[in-house]
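In the two complexes that follow, chain A is the common piece, with chain B as its partner first and chain C second.
Here is the complex of A and B:
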């Protein structure tokens, strides 16, 4: 049973209507793409990692609500979620520690280097390849986006699985 | 026994509250010397040379530490939600029953100790 559901997703077994089933997947893909755009344009638009991560999580949650936790096409495994969360947190803290190491203050913008206290090769590493002088801010956006996307979608995934566990008992 | 502990706890609580409130009021009283009214204009003038967008500049450059704490708050909230609502559901039954046995044993031990005293 479990192997069958893994091989062919049972999209038809939930109680949502055909209209929802037809529109939910394209809409959630559009939401995820919009969220990725918001994260990547975080340093030139008044958006950022938090907002973009929340939009991606909204797309994932919409798909889970319509198709059910077993039949959702956008499936996140436990290991994948774990890796995303760890990479996000570690990247943010490590970028902060680079600033602490070379400039003396945590989360100093080593890519933009406003005060000219960081060696040139460090600035060349962390400089965002763009016409704008953003520094490490796009990378911080990416890290926060990963963290928020995982955090918001984990709650919904866990609650849908709690319900299944409660039915088993 | 328990009355004594309660009174000691209340005494320490009172001292801690007095110390905390004294420090807080002192900080508030001395805070007016630290406020510079024109700092917002300085930020507005310098800001766009560092970063193209002001919102991103404030959230990620000047207050990057604050943003780190914000995302850690989200992680902590999710963790607490999972701990509270998933209590006794995530572990498999064998582990749960072992835990229950342990809890029952320790409870029995405590009862025995109290009886001996």
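Here is the complex of A and C:
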């Protein structure tokens, strides 16, 4: 009996219905994958870092809303959020500083180098190898995507924690 | 037709990072079984076929980055998902 209760899902723990609980995680995974696709195609199609990051955060938030902050399968720890936010911000600033260093303008597209003012070896490093010659834009999209996904998720995680604090009081 | 590999690798890595925080076996919620994962992969292949060659319009007739992201998420969850329990 004890084993049965362990194996049986406790549907009543949050207010979500069994249908929601069964479908939320696969839908969240699909949303996250769509967000990643949007980030990686941001330089040639509608979308980009912010939109893709918001889609990924949407998947994470959907899971939190359905399963609750304690029961969600997608758990972003403080360390993880801290690391992703820092990596995203640092990557963005570093890419900008490369432009400042070699072209005199912050965020100059050193990978595409439309004005031919950057040494060839720098352009070769940051060149994006596809027909669009997008330069550093895809890399910026990745950095922004990381920042937005943790930023928006953190807002919802914080709000759900505040609710929990209020309930405790 | 040329397969664009760079974004596929980036998608796997990005998916791996996010997937490392997904724990698929929850006692108080439900267990995401192997059958469910296979169903998800089949659905993802069907979906990527319908998405077409997005976002690169000259490679395989499926959304390669979408499929790679799914693979990355499932890999990350399988290898590092246990750490997301606490």
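Here are a few things to note about the model shown:
Here is the rule we go by: the second predicted complex is superposed on the first by the 157 of 169 C-alpha atoms of A that agree within 3 Å, B and C clash if a C-alpha of one lies under 4 Å from a C-alpha of the other, contacts with A are read in each partner's own complex, and residues count from 1 in each chain.
Everything below uses one rule, namely that contacts are C-beta pairs under 8 Å (C-beta built on N, C-alpha and C of every residue); 3 or more make two chains touch, one makes a residue touch a chain.
These numbers come from a predicted model, not from an experiment.
By the touch criterion defined above, A:118 lies against neither chain B nor chain C after alignment on the C-alpha atoms of chain A. In the superposition on chain A, A:93 makes contact with chain B only, while chain C stays out of contact range. Contact with neither chain B nor chain C is seen for A:157 once the two complexes are overlaid on the shared chain.
In the superposition on chain A, contact is made by A:77 with chain C only, not with chain B. In the superposed model, A:140 lies in contact with chain B only, and not with chain C.
Once the two complexes are laid over each other on the shared chain, residue contacts for A:56 go to chain C alone; chain B is not touched.
Of the two partner chains placed by the overlay, only chain C lies in contact with A:67; chain B stays clear of it. Legend: residue contacts after superposition of the two complexes on their common chain; A:103 is shown touching neither chain B nor chain C. Looking at the shared chain after the overlay, A:37 reaches chain C, while chain B stays out of its contact range. Residue overlap on chain A between the chain B contacts of one complex and the chain C contacts of the other covers 44-45.
Note for the complex: chain A touches chain B at residues 42-46, 48, 50, 85, 88-89, 92-93, 96, 106-107, 109, 112, 114, 132-135, 137, 140-141, 144, 147-148, 151-152, 154-155, 158-159, 162, 165-166.
Taken in their complex, chain B has these residues touching chain A: 49-57, 59-61, 64-65, 67-68, 70-72, 74-75, 77-78, 81-82, 85-86, 89.
Against chain C, in their complex, chain A makes its touches with residues 6, 9-10, 13, 21-22, 25-26, 29-30, 32-34, 36-37, 39-41, 44-45, 56, 67, 71, 73-77, 80, 84, 129-131, 138, 142, 145, 149. Of all residues in chain C, only 4, 6-7, 10-11, 14-15, 17-18, 21-24, 26-32, 36, 40, 43-44, 47, 51, 54-56, 58, 63, 65-66, 69-70, 72-74, 84-86 touch chain A in the complex they form.
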